[in-house]
Structures are given as C-alpha cells and as structure tokens.
Amino acid sequence: MYSLLTYGEILLRYTPQNGTRFLNTTGFDCYVGGAELNVAAGVSQLGLKTGIITKIPTNAIGMMARHKVLSCKVSDEYIYPDYNADARIGSYFYEKGSSPRKPEVVYDRNNSSFLKLQSQELPEEIYNNTKCFHTSGINPALGRNTSEQTMLMLKTFKEHGALVSFDVNFRGNLWTGEAAKEYIEKILPYVDIFFCTEDTAKLTFLKTGKLETIMKEFAEEYGISYICTSRRIVHSTINHSFTSLLYNAGTDTYYEEKPYENINVTDRIGSGDAYVAGTLYGILNNLDMQQVVSYGNAMGVIKNTITGDIAEITKDEIDALISSHHSGNNAEMKR
Amino acid sequence: MYSLLTYGEILLRYTPQNGTRFLNTTGFDCYVGGAELNVAAGVSQLGLKTGIITKIPTNAIGMMARHKVLSCKVSDEYIYPDYNADARIGSYFYEKGSSPRKPEVVYDRNNSSFLKLQSQELPEEIYNNTKCFHTSGINPALGRNTSEQTMLMLKTFKEHGALVSFDVNFRGNLWTGEAAKEYIEKILPYVDIFFCTEDTAKLTFLKTGKLETIMKEFAEEYGISYICTSRRIVHSTINHSFTSLLYNAGTDTYYEEKPYENINVTDRIGSGDAYVAGTLYGILNNLDMQQVVSYGNAMGVIKNTITGDIAEITKDEIDALISSHHSGNNAEMKR
Amino acid sequence: MYSLLTYGEILLRYTPQNGTRFLNTTGFDCYVGGAELNVAAGVSQLGLKTGIITKIPTNAIGMMARHKVLSCKVSDEYIYPDYNADARIGSYFYEKGSSPRKPEVVYDRNNSSFLKLQSQELPEEIYNNTKCFHTSGINPALGRNTSEQTMLMLKTFKEHGALVSFDVNFRGNLWTGEAAKEYIEKILPYVDIFFCTEDTAKLTFLKTGKLETIMKEFAEEYGISYICTSRRIVHSTINHSFTSLLYNAGTDTYYEEKPYENINVTDRIGSGDAYVAGTLYGILNNLDMQQVVSYGNAMGVIKNTITGDIAEITKDEIDALISSHHSGNNAEMKR
Amino acid sequence: MYSLLTYGEILLRYTPQNGTRFLNTTGFDCYVGGAELNVAAGVSQLGLKTGIITKIPTNAIGMMARHKVLSCKVSDEYIYPDYNADARIGSYFYEKGSSPRKPEVVYDRNNSSFLKLQSQELPEEIYNNTKCFHTSGINPALGRNTSEQTMLMLKTFKEHGALVSFDVNFRGNLWTGEAAKEYIEKILPYVDIFFCTEDTAKLTFLKTGKLETIMKEFAEEYGISYICTSRRIVHSTINHSFTSLLYNAGTDTYYEEKPYENINVTDRIGSGDAYVAGTLYGILNNLDMQQVVSYGNAMGVIKNTITGDIAEITKDEIDALISSHHSGNNAEMKR
Amino acid sequence: MYSLLTYGEILLRYTPQNGTRFLNTTGFDCYVGGAELNVAAGVSQLGLKTGIITKIPTNAIGMMARHKVLSCKVSDEYIYPDYNADARIGSYFYEKGSSPRKPEVVYDRNNSSFLKLQSQELPEEIYNNTKCFHTSGINPALGRNTSEQTMLMLKTFKEHGALVSFDVNFRGNLWTGEAAKEYIEKILPYVDIFFCTEDTAKLTFLKTGKLETIMKEFAEEYGISYICTSRRIVHSTINHSFTSLLYNAGTDTYYEEKPYENINVTDRIGSGDAYVAGTLYGILNNLDMQQVVSYGNAMGVIKNTITGDIAEITKDEIDALISSHHSGNNAEMKR
Amino acid sequence: MYSLLTYGEILLRYTPQNGTRFLNTTGFDCYVGGAELNVAAGVSQLGLKTGIITKIPTNAIGMMARHKVLSCKVSDEYIYPDYNADARIGSYFYEKGSSPRKPEVVYDRNNSSFLKLQSQELPEEIYNNTKCFHTSGINPALGRNTSEQTMLMLKTFKEHGALVSFDVNFRGNLWTGEAAKEYIEKILPYVDIFFCTEDTAKLTFLKTGKLETIMKEFAEEYGISYICTSRRIVHSTINHSFTSLLYNAGTDTYYEEKPYENINVTDRIGSGDAYVAGTLYGILNNLDMQQVVSYGNAMGVIKNTITGDIAEITKDEIDALISSHHSGNNAEMKR
C-alpha cells in the first residue's frame, strides 16, 4: 500500500560544468528529475512509501534514471518500459544564472517515451493501492494523450477513494494561460489538495483581490480541501526568501509561518516540488496544519541549497531546520 | 571558393565521465561530431577550405555546436538556423568499451533540425562554389527527406562540375542492407570517389571474391574514379591495426602501405571519417596516389588516439607521423 | 520472498583520483562495496530479489551507502541502523596498480557498526523468507562476534531449508590460514554451494593433487552440492584471463568453458564476487549447469572492466557478452 | 571588409582549479584572452565581422589559442605565425579573490611572440579593409617596439579613413602614470573614440573637476568624437555595481542609464573590454547613442558573470538583458 | 631550536565534491588538518620554525599526511610512526552548508594512532628545544591518555621555561561543559597565553558580566599573561564579520581593531586556529600588541576565504591585507 | 650535513587534462619537476638528506614550487629567491602520447630565474656540507652562465672532497651533440659517477663498439669510478622494458639484473632521473653493487607507472618491488 503515487515524466537535466556556459561547455552534469518524481522522492525520503507512474526506455540511459529513482526510495513498480527503437527519455538543458544574467532552460522533451503511456497499461488494483494521487499541470501541457490520461487517472483515483493532489506548475513554454485555465477548471472538482501560486491564480485563472480571498474562492467553487501557495521573493539568483500560505477549507483557517530570509540559493530547480512534498508528507502523516506548513516550507527552502532536481535530504535535517528556524538558533554547526 | 563542401548532420555525443557507465553516471563529456562534419574538419585542419551544409537550432546548444565547427576552421556559411520552438540537435550516447565489454551506442537523433533542411534553402551559387562535394550513406538512412536531398545535391553538384565523394558508412541501426544497396546503387553513377569497406561490399552489396576485384568492379560498373577501402583489425578495444587499399581506375592501379600495428586506441569514433578526410585532402591537393594513401592512413590512425569525434590535429604532426611510419623511427619523443 | 539474502559488511572504498597516489592525492573517488553486498547486487541486477543483512550508522554517510544499495535493487529491509555516537562504516583505501607496481589496499575497517550486529536483532521470519543464504569467510576473519553470528545464521538458514552458499574469500591480512581452515571446516557440513580457489584449497586447506580431485573431495567429505572455482591468470595489472570450473556433485559432472582472454582490466575489485553472483543467479534460476558457468564467468569477467566494487550491469549486456564469447563475434560495436 | 580590426596580444590565463590557490594547486583552468582580443570577440559575437592583428607561435599551444579565436568568430587572417624556436605566447596567472582577500595577478608575458610583430609584416590593403581600428594602452606599456607599432598603426589607419578607437587600460605593473600620460597625449589627436575611467583621467592625466567636464575637455583638446567612461563600484569580490557615461562631442550630449546593481560577479576579468565591445558595436552599427550606452553596459555587466576572459554571449541574451534592465522584469527564468 | 611546538592530532577531512552532499556523493576532496597542526602551519608560513608532536600510521595514507605537513614548512621531527596493523589516522567528514542549511560534521576519529602517543616517547631535549608550546582542549576531550599527556606536557614545558599557550576549542560532541571546566581550570595555572571565546567563557566557565571583566578575571585568577578572544558574527554561511579582543595582563591593557566586515566565507574550518597562529606569531616575534591583534585577525579572516583546514598563505599577502584593512583601500586587485 | 646536493632548474610542467590535447584543452594538470630536483627527491624519499641549489621567483607561483619541494623532503635551504619583477619559473608543456602518436614537449623555459643564479650567492660552507654533488648536461645546454656555474661548482665540490655525479641527459632541442661533447669532455675529469646511455655514448661522444667496452673506456680515460647506463626498450607508449648496466671501475666489474618487462607506462617523464636517484642512493648508502643496480632499476621502473615528474614513493614499496622482481612473485596484491 502506497502513501503516494504520482504520475509524470522523468527527465534528464544537463547542466554545463566547471563554470562553463552552453556556448562553450565540453561537459554536462546530469541529474534525474521531473516535477512529479521530485514530489514522490521528497515524500519518500521523509518516510512514506511512494511510487511513480511513468514510462521510460529500456536502454541503459533509461536504466540509469531507474537506478536514481530507486536510490531515493521511490518504487519503480509502475515505471513502464518502452522497448521501441525510438524510445527516448525527455531531457532539458539548464544553465545556471548569475544576476543579472538569468538561468536558461532549453527543452528537448518532445517525442519521449512518457508521452506514450496509456492508463490501460496500469493494473486495476493500482487505484486501490494508494492513499493519495498527485500530478501536475505539466502533463496536460505536453500533448493530447497526456492530457487525457491525466484526466482519466484523476477521476479514477478519486472514484476509488484516494486523495487527489494537483499542482498547477504553469509553464509558459508548454501551453498558454487560456488553455491551462480551461483544462484545469475541468479537473478541479476532483481535486482535494491544490497547489497554485498567487501569480498563477491572477494571471492564469484571472482571479483578483487578496490572496486569502482567492484561496477561499477556489476552495468553495470546487470543493477543494486544502489550498497551498508558496511565496518566493527573488532578490538575486543567489538570494531568495521563501514562505507559504495554506488554507484549510474544512476549518476555514489560514496557516503560515515567518519567512526564511537570506536563503543562499545554489539550485532553485525543484524547490516548488519539494514544497509540495513537504506539504503532502504532513497531510498524509496527519500532522497538525501548522506542522504541515513547516514541513512544506522547510523542504522548499532546503531544496534551494541542494544541487540537483530532487531534494536529497534526511528527515533528521528537516526536523533540525524547522526547529532552528523556530528557535532562531544560528549556531554555525554542530561539532 | 571551397575545396570541399559536405552535407550531413551535426551531432552531440555524450560519454559518461570518470570511469562511470551509463548505468551510474552523473555527468557526460560532450563532443561535437557527425560523419560529414568530421570529414570537413579533417580536411580543413590539413589546410584546405571547407564548409558543411546542415541545419541546427538557433538556441545556445546549437550555438555551442557552431562554435566548435568554427574552431576547427570549417565555415558556417551553410549552416542553416532552425528557429522553431521544437528545434533540436541530434545526439547520441556513447559508452567506451573495455574488452570484452564492447562500446555501446544509444541514438537519440530523431526529429532533429537537420532532417528538415531543404535543398531549396541553398543559394544557387553554392554549386559553383566548391571543388568537391562529399556526403555519406547516413543521410538517406535517416528518412525520406534527407534521402531525397542527398540525391538532389549529389546530382546538382555533379552537373556543375564538382567532384562527388561518397562514403557508404553503413549503419545497421538506421536502415537495412537491402535498402542501402538499392539506394546507393542509384547514386553511384554520380560518384567519383567511393569509400566502402570490404565487409560492406560483401554483406550489403553482395559482392564476392577478392577485394581488388570487387573494387575494380565498382569502378567499371559505375564509372567511379577512385575506390577507397580502409582495413581495420580489432585486436581488443585498445589495440587495433589499420591500413587501406586505394584503387585508381584511371590508371588501373592499386595503392597501399604497410599497416600501422599496435595502435593504442583511446577513441575509435570518427577514425573512418578521418581516413576519408586524409584521402580527400590528398586527392584535392593533387598529391601522388601513394601520398594520398599515406594521408588517409595517418589521419585514420591518429584519430584512434584522440578523444572526440573530430581528428583535431596539426598538419605538422601528420607529416611527422607519416615520416616516422615510413622510416621506422621509434624515438620516444622530441625534446 | 527473497531469492537471496547475504550477510556481510558494507564498506566504503577510497581510491585516489586523477592519476594521483596515496602519497600525493587531494581527493578520493568513493565506492560502496563489500563482498556480500557485491554478490547480492549482482544477483539483483540479473533479475532476482535480494537483500543484505548488515548494520550501518544512521548518519548521512551511512545513508549514502544505503542509497547506493537501493539503487542496485538490493532491499534495505535487513540493514539495521546503528544509532550510537561512535557508529562508523568500515572503509578501505585502494590504490590502482600499474605493472609492475601492484595495487595497494589499506584497511580501516575496525570497530565498525557491522561488527556489532547480533542475530537476535533479526526477525524470526527472515529464516523462512529466502531461497538462498550466502556469506563469506571475511566475516569470521573480522572478530569473535561476526564469527559466531556467521555460524549461527548458516545453521539456522540451513535448518529452515534455505540453500547455503559460502565463499572462502581468504584474506591474509585479516586472519591466518590455520584459523581459516579450522573455522571453515566446521561450517562446511552446512554448506550447499562452495566457492574456493585452487590456491586457497591448496595453501589453506592443504589439499593436494588435481583441482578436479580436490573439488570432488570437498563435495564428498562435507556433502556439498556445488563446488565452484574461478581461475584467473594475471598477465599484468591491465590484462587478465578468466574462466572457472564447476563441479556438480549430484551428477558427478564438471563444467567449464573456454577462457576469456585479453581482458582489459580497469578495476579488478569485486570480480570474484561478481563471479559468485552470476553462478548463484544461474543456480537459483534453475538454469542448466553449462549456463550457470556462463553466467558466472561473464559476470566475473565484465566486473574487471567496470569501475567500482559492484558489477553494475544490465542482464541484456551479460546475455550479449555470453553470446559473443561463444560465437567468437568480435564486431567492434553495434550502431 | 571588416567592421573592426584590433591590435594586441593574445594571452593565456591560468587559474587554479577546484578551490585551490597558487600555493597549493595541482592544476589550472586555461583561458584565452587579451584586452584587444576580448574587444574583437565581443563585437563579433554581437554580429559584426572582426579580426585581430597579432603574432603567436606556430606550435600546438599557439594553435590552441588560434582555435579559440576562431570559435568566437574572430578572423585569424592577421594572426602572424612565429616560427622561431623561442616563440612563446604571453601568459598570466590569475587567482580568484574572496573578500577581503583580493584577486592576484602574476604576469609571465615577457619575450612573447607578439612583441616581435612589425607593422611591415602587414599587407598594404589592411588599412583600407576596416571601418574601425581599436587598440589599447597595454601595447605601448609592453616595450619599445609595440609602442612604435601602436603609433604607426594608429596613424596609418586614421590616414586611410578608419575610425580609431583607443582604451587607456592603465596597468600600473607595466608602466608609470607619467610615461602613460606622455605617450597617450601624443596619440590622442588621432583618436575618434576614447575609453578612459574617471580614476585614470584624474590620477594619470591629472585632470580635475567633474567627470562631465573632464570628458568634454578631452574631446575639445584632441578633437575626439566619443568619450566613454565605465563606472564600477566594488562592494565585494562577488558584488559590483556597473554603469557608464558617454559623451558625444558632435552633439555635446551626455548619455547614461541607471546602474546595474547587485551584480553577482563570478569573473571580473575582461568586463572592461566587454564594455568597449558593446559600445563599439553600437557605434559601428549606427545605433542611437542611448542604445550604444545600453549595449556597452549590458556587455560589461554580463561579462562579470561569465567565466573566462572573453564575453561568450549570444546577441539574443544581450537584448533580453537590456530589455529586462529597462523594464525591471525580475522573473527568475523563462521555462 | 623551534619557535613553536604544538601537540595534537592530525586529521583527514573528507568533503563531498562538485556540489554533492553526503547522501549522494561519489567522491571526496581530502584535506589534512587538525587544530594544533593548523596553528603550527600558520606560524611556520609567517616565518618562524615550528613542529608538531603527534603520532600517525606508517602506511601510505599516513605518509600523505606527513607530506602535507612538510609542504607547509612544519617539521616532522616529532611525528611518531605507528607501525601497528591497526594504525589509523583520525578523520572527519564535512559537508558545506548553504544558509539556512548548516554545515555538517561527522567524526570518525576514534581509535586513532594519535591516541596512543605517550610522552615517554619524546626525547628529553624536546623540552628545552622550543620557545613556546601550544595545545588545545580537544586533546583532553578525546580520552584518558591524551588528557594525561596534555597535562604532563604542559607542566614539563612550563617547568623548562617555555611559554605555554592553550586554546579551549570547546567541542560539544567530544565532552561536556562540566568536564571541560573541571579539567581546564586545573591546567590554567600553567598557561601563559589563553584563547577562549566569550560564549565558552560564559557557557562553560560560567563567567558573567562584560567580556573585558571576564578576561581580567581569568588573568588574575590564574596568572595568565595574555587572554585572546576572537569575535565572529555569522550573518550567513557565506558572510561573516570577524575581529578580536586581546588583554595584556602585564600592562592591564586591552587591544582591538575595527572588524573585518562582509567576509566572503568559502571555508570556515580552521579560521579559529589561524587566528591563534597569527596571534602567537606576533607574540613570539615580539611585535607590539596592536600588531599582534592585526596578525591574529588577518590570519583568522583570510582563512575563511581559503579552502582546506590550513591557512596556506604568504606573509606578503597577510601584510598587504592588514595594510589595506587599515587604509580602507579597496582597489580590486593589483595588475 | 647533506648526503646529496643537486644543482639544476625547477620546472613547471603543464599537461592537458581529461583526454584533451594541446589543440583543444581548457585546463592543465601542473607538476613540479626538473631533472636534478627529481634526483634529489628520489634520494630523499629513500631516506637520505638532500637539497637543491637553484633560484625561483618569490611570487606565489614560485612558492607553490617550493612547497612541492618541501613535501618531498628536499631541503629548500639553497633555493635562492628571485625578487625581480621579471622573475619567472621555467616551464614546459607535455602532451601524452598514444602509439603511434608520440608524446610532445613544448619548452617555455627561456629567461627563467634559474638562469641568473651565480655561484657567488652560495655560502662557502656549502662545499663542505655534502657527501655528493650531482648535476646534469641540461645546465650547460641552457646558456653561458649556467654552463660556467656548472663547471665552477663541479670543480669546487670536487676540491672539497665531495663525490661528483653527472648525468649527460642529452637534449637535442637545447644544444648540439658537438657542443655537448666538447663541454662534457672538459668536465669528465672531475666526475666520479657518470650516467650516460648507449645511444648518447655513440651518437654524441662518437664511441663505437660494445657497451661494456665503451663504459670501460670512459672510466679509464677520465678516471671515473662508476659508469651507469640505463637500457630502455619502447614497445609502445604504454609498454616499455627497462634494465641497466653498471660498471665499477675500482673492481673492473659489470653489474646487471634481468630486465623488467611489460611495464605499464603511465608517465615516462623523470624515469631516467629516478634511475639516477636509486643508483645514487645505493652508492651513498654503501650498498653492495648488485643492490645499487636493483635500487636504480626499481626506481626507474616504478617512475614510469607514476604520474608527475617526481617518483613519489615509499622505501617500503621499492623494497617490495625489488623483492618481487627477484622472486618472480606475481600475486596481484596484498589484502
């Protein structure tokens, strides 16, 4: 029995090494990631059993990705093999920024094995096999089939009693705001936990007014239980602040904590997913809402300081981070 | 005025670093290559003006490839930009072997920008702008469009008086022997310089008998001026022997030289292309045939000892290599 | 239900980087290994379910080792955490050789968490939970407690009907030949599958005569079903030959195959364990004995060409290696 | 026809790797640079045709520098080969700083091939072959011959109608302020575009008063068309601010824009040259003066964030940087 | 004749490379350090003759540490060899922090060769052979033997007329505050130069009141000549401020200088030891007290910007740093 | 009192990293070496006290070289500082070969600080301070001053009773055979131990006949005590054989031992110097002549397998190598 199953694409990320740029590099660090994998891996490392529903090639490059998934304690039970000669794993290139030069992303994720996964390939029992199902707005943005599968899975997991979690994860390079709005509004009735930033709520869903009001509107309009909004301020490529707001519709209560300031950002990719992971961990572990917020924030924050797409952490250090954030302890280190 | 223009795909190659394998790597060395680029770069570095006809993305990854092309003194005049959002540069993964473990190639070259290049994009004057046009059997193997463009360019360059050079470069992963035979037999009447290994001649073109006879048959049947066959013996992943046979149909003469033995192979990729480059350099520079063979062999051999797809060399060292091969001088080094 | 459980220490290995030596290095590549982990990982990657019985620290260094175990598809169900402040993971330093300079091993494995593991910590059901139990002579060599635990586990698994496999793995730096002989002779009555080199049989067990005779003697004296002997010839640090002899006592038959010659050795560590893994895979998968030998040899051979303690492989490539060894196919690569 | 030819030395730069210092390093990253090469490379990458007049050895180290020049689209037509046995390429060692520890430069540029270049080696037509000629005060500081050649080239290019650009580039380690003042005042009558910092104007040329006044004085005294002054504030080794002031004598107008603040400096070397490149690009491309300032600043700023002597950029990203600086858009990245 | 002998453990430090963490690293940078070695090395590089009293294995790993000691001009005359099979060098793992993620230290220093050193192994003449003896509170925290040896050496050096220097260096992971207080109060009567932070004075020695008062109390109570207190403010993992206060009991005077602000911290380990080194250098070199403070601060500050445990510096750069701190000169660099 | 003082230049060596060549490298491994330093370092590590007489810059690059010298236990007492602004350390570039591509050396050693050293700078007592003085034919090849200093030092050390050792070390890139012959014949009367290869004896000194005869001739003609000739066979860049012949004139006896075959060469530079070091160690340590040969050969051989100019070794491993060479023990490793 899984605590969490996610559905999404596993991506390889290529980052130029040793201070080089795309323009002059001769080598790339390679990381395994993908929004929904990042969420599953975060929850797994915090202690719950997770898996990912996806498809990757059977070649050695696909195997490398599979090994990484396993090393983060995410099950590969539902990673389907693509045996075709044209099987490929989606990838993207990422060049780090240095203010005012921004990070740059070049996608190379078309025609990947993931795009071909059909929910018919899934065994019936999968729908009774998890406490929570999570996916994101990246899937419908990738094309017709993933759009349909997302809808189908959301509905079926919901029908079978799983909690359904959805992160908008709006990507302007993949689809338009209008398309996103139209699609996501159709699925929101099935969603129990909804992750959406203030910007996306306003620019994509055309909401107006205070964030608190917007959150409540979403909850009421679609019957959503939890609305979660991360709040990041980018001071420079190496200095962010981070906190979040959580709305519990059941008790009509808002939860937040003081922001983490002066985060020394080394790799921002996946910090939104880590925030989702911390939040889901808290909810699935039945923590009180204030603790849920703490886990969400701590995971989101710490990911910014870790190289790679996945927040590779120990639960002990997350607990220590939360505790020192609350106590204001700024001892340099323990030795 | 170019001495040589080639038509072909520019590829990125990813090789696991620091003794890792595909299965456990966390980083890749990245090289720029491609059979026809390798040929142009080899000829250029030997001193003649060359260019490549191809198409790559305008994004920074494409720019990186362009910079590498330029650094090898190959002109980018006919490298067409692909501005589309889905533009991509073909790539492949290459894991080094270690006997008896063989090297492994995983292609990821579908849907690349190169496949979309249309000969209509080429300016009229290009056909009068080069002494020699070279391409290979990889292009027709990649799909319908490149198959047609290859044929079209071959014919048009021929009509305008350029020497036409063609390397079979048979790739079993890209097309069948039958398809290759059918296609290539159609273009051979336009070919002046033909590169084909003995194995390919026998297995793909179903030739039988002694190599010398086969070469003469090709020449007579299709009116080809020069038939060039590299001869490699693989003792282990790190030890090859190499020589070649060249048939000059005009004088009905065969040329060869004693094999290079005990080659300490560090990267075998592109050594066939380097052999082509050395041979074309000799022919285009009007060297005597025995010297043509020497340049072909020396370039093919030295590439095996150089990391990366392109034989990055100086003409001085090729001359020194030829000279020490002939003299049997095995002084360790000059200092 | 496991196909294989092994009992042994997980070690970190430190190897000087970038051509440095112990004497002048400023960095180490770090690998996770250990004889019994290597065996479990080999069998797992060939497709059977395996786990390892061991103890490691709960600190982040221990977590790193755990992640590596997981990435090779070995279960961490029976990896017990050592929460003590003085918990440590055993380690060793390994410097590559270059003939005639030999590789050098410096152990730093005393006082490790593993040494403290008590079989009482194991759940009762573990003994009914596996088809085969494997361990090696390294454990009794490490000290009194591991010596006792080894005996206890061997007996208990045997009593519960598991196949028992044992590799002598004689280490002159850890105990004497006499101690090894005395101890191992006591446990051999419980052993079904016995791995022992000819040298060890002669120097440690004081056997004399032909290898075939020695093997049969072991089988008859202790009621062992399979005796397996790897045969390695070290031509230089980078060139070995490898084959093996297997004696099936049930049918009184010997199995072997022609040696792999001219192995381009890049990392010899763990190749004996990989040979054990291939052999156990074959036996546990009920392959015919000739195939068992083929898997044993192929795994042992390929490990020599792979950097790190564990043979990180795909079953596909092992099958291809066996097939090309038998067919004599020496095509360079497939592309 | 070139838009820009520069005259100056190509240097190799050695920077200790992996966080080491000069005192304990075992390896160096090696970059190709030189003030006038940096300018040519910057203008080239923005889209204009450039070349460099210089001399380097014909050995493989010289070839490596030549390849780098080519990769940045700078022509090597006027890079003269030094065939002498004692040919050498100038070099310098650079250790990064970390506040309050300052970066350190150790020169090793004496007796280089560049110092031997004679303007007689240049073909007559070179003087009619470019729209603009640029050089800097480093050349006269290097010795008698380069001092004379600088003067000669400046005059000859001027006579043939090229725009003449000159950057003071004062280096206290190479000559004294007095020598610089005396020499440069002799050449200023030939200069059309003059780059000089406020500090240098005051300390070396002994100007006093407001910067605007000083600029105008230079313009009036020597008939200079454009005076360009970069303005950098060093908050720490990793945090600078940057802007500039440009005086157009023809219209008696000053141009500037709001400073770039909080620049995350990773490599400050060559940012002054990049500023010159952006400015010359704007002027040679006939942009309006406000845009000239924008290109100068954006190039100078972005170089601080790029490792290596040359600002390896795409024009697209410079345009995007200018646009986001003006719009205040601080979105993290586009994806 | 030595200016300084220190007594303490030489440690290896392992830091994950290339932006990895303990959890996912595959390699470690390895540094040689240890509080008392760091002090000796700092003083040595400033120009005085130093040595260290310690014990390390005779294996190649021990030799590597010895080579590093020598390279920093510290004598190995009193580094005793441990020939035992279980000889080991103490080590620790260090993962860099990135605010708010703190650095992490994992010790693996139990059972090291150092712990076995007996003062009987020292030659009689050692006590007459140095101007100053320095050690720290780490030794008594490591166990009974080192606790006794520390006491013995302190007394004997004192009796023979050497200046005795002691740094509390409190490590909460090694012993309790109570144990530290009890032990150190016993040795303070033998101490001439005492290094203790304000925090330790208050939390461990239970002092209260102003720092100046506390310092004077120590001096008066135990007859200590110099009390030295470094003062660090940790703004973030990459930004510290640093200064210190020195009390000269002989003249009842306090010395300090304005803090270094905005230190760009790259490796904080060993900066306290470097401060001690600078201070001891000043005192042993008979500088005036204000200069003593300057050397202490400059050494402490610069170490924060240098990777590795030892402040590898030149005296020239320390002098330049002091001078530019006092003059406020913030020129970027000299070139 | 030194066992050995050598006189010679300390050089930096730059080798392209990560499989790159001069033509395309972006980084260099940097080693400290020089024929006479290599000899001193070899003897020092075998256990005798040595120093080097040389001059290097006082800048941080010079300091780095000094640190390396110290780390090999060579005294820096006679390393004279060059404070001049134009001080430089000689350097050379070295690209590894891969048969049939030969290694390539590019010198950049002109105008170095070493060339300026005057024997007047040496203290009088130096000549009474060593048992043996060693230098090589590289010094006179470098220019007039070093040629004179070499002669002066040889004579003065001889007069003061030191053993004088001289290695021809002929470098065709630095001087001609005629010049070498003329110069060296003048100094041979002062030489006690003479190192000269058979090739040099024949090509440079125009000797003919059997090697044994030539050696005896040298000894008789110039009163030399020991003539030492290394004998290397280069099978390929990675496979050499090595042995040597030693002639003891005092007893008119020749010594040799069976060659080391199949040496896996990773870095050939400095192996001749290591052979000299082993031989001098034996002679200075008064070993019997057969052992002298063994140390010479073992040192020469092992250097071929060690990266860098200096044979960084432990005496233990040299002893083990000699012992296993004589016993024919080819156990893989000890563990």
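Read from first to last, the chains carry the letters A, B, C, D, E and F; within each, the first residue is number 1.
In this text, a contact is a pair of C-beta atoms (placed from the backbone, for glycine too) under 8 Å apart; a residue touches a chain by one contact, two chains touch by 3 or more.
Model, not experiment: these values are computed from the prediction.
Peer 1: Could you label the subunit D-subunit E interface same or different, taking same to mean over half of its residue numbers are used by both chains?
Peer 2: different
Peer 1: Give the pair among D-F, C-F or A-D whose set of contact pairs overlaps with that of C-E by over half, matching residues by number.
Peer 2: Comparing residue numbers across D-F, C-F or A-D, the repeat of C-E turns out to be D-F.
Peer 1: Sort the other chains by how far their Cα centres are from that of subunit C and give me the top one.
Peer 2: Here the answer is chain D, farthest from subunit C.
Peer 1: Contact counts by the stated rule: is the higher one at E-F or D-F?
Peer 2: Answer to which pair has more contacts is D-F.
Peer 1: So, comparing C-alpha centroids, which chain is the farthest one from subunit E?
Peer 2: B
Peer 1: In angstrom, rounded to a whole number, how far apart do the mean CA points of subunit B and subunit C lie?
Peer 2: Whole-Å distance between the two chain centres: 45.
Peer 1: In whole angstrom, how far does the Cα centroid of subunit B sit from the Cα centroid of subunit E?
Peer 2: About 62 Å separates the centre of subunit B from that of subunit E.
Peer 1: Using the touch definition from the top, which residues of subunit D touch two or more other chains?
Peer 2: Those would be 21, 23-24, 26, 29, 60, 63, 67, 71, 104, 173, 312, 314, 317.
Peer 1: Once bound in the complex, which stretches of subunit E touch subunit C?
Peer 2: 14, 17, 21-31, 59-61, 63-64, 67, 85-86, 88, 93, 95, 104, 106, 108, 110-111, 173
Peer 1: Note which residues of subunit B are touching subunit D in the complex, please.
Peer 2: The contact residues of subunit B facing subunit D are 60, 63, 67-68, 70-73, 312, 314.
Peer 1: Within the complex, which stretch of subunit C touches subunit F?
Peer 2: Residue list for subunit C touching subunit F: 18-21, 23-24, 97-105, 107, 171-173, 234-238, 268.
Peer 1: Residue numbers of subunit D touching subunit A in their complex, please.
Peer 2: These residues of subunit D touch subunit A: 29, 71, 260, 262-264, 266-267, 301-302, 305-308, 312-314, 317, 321, 324-325, 330-335.
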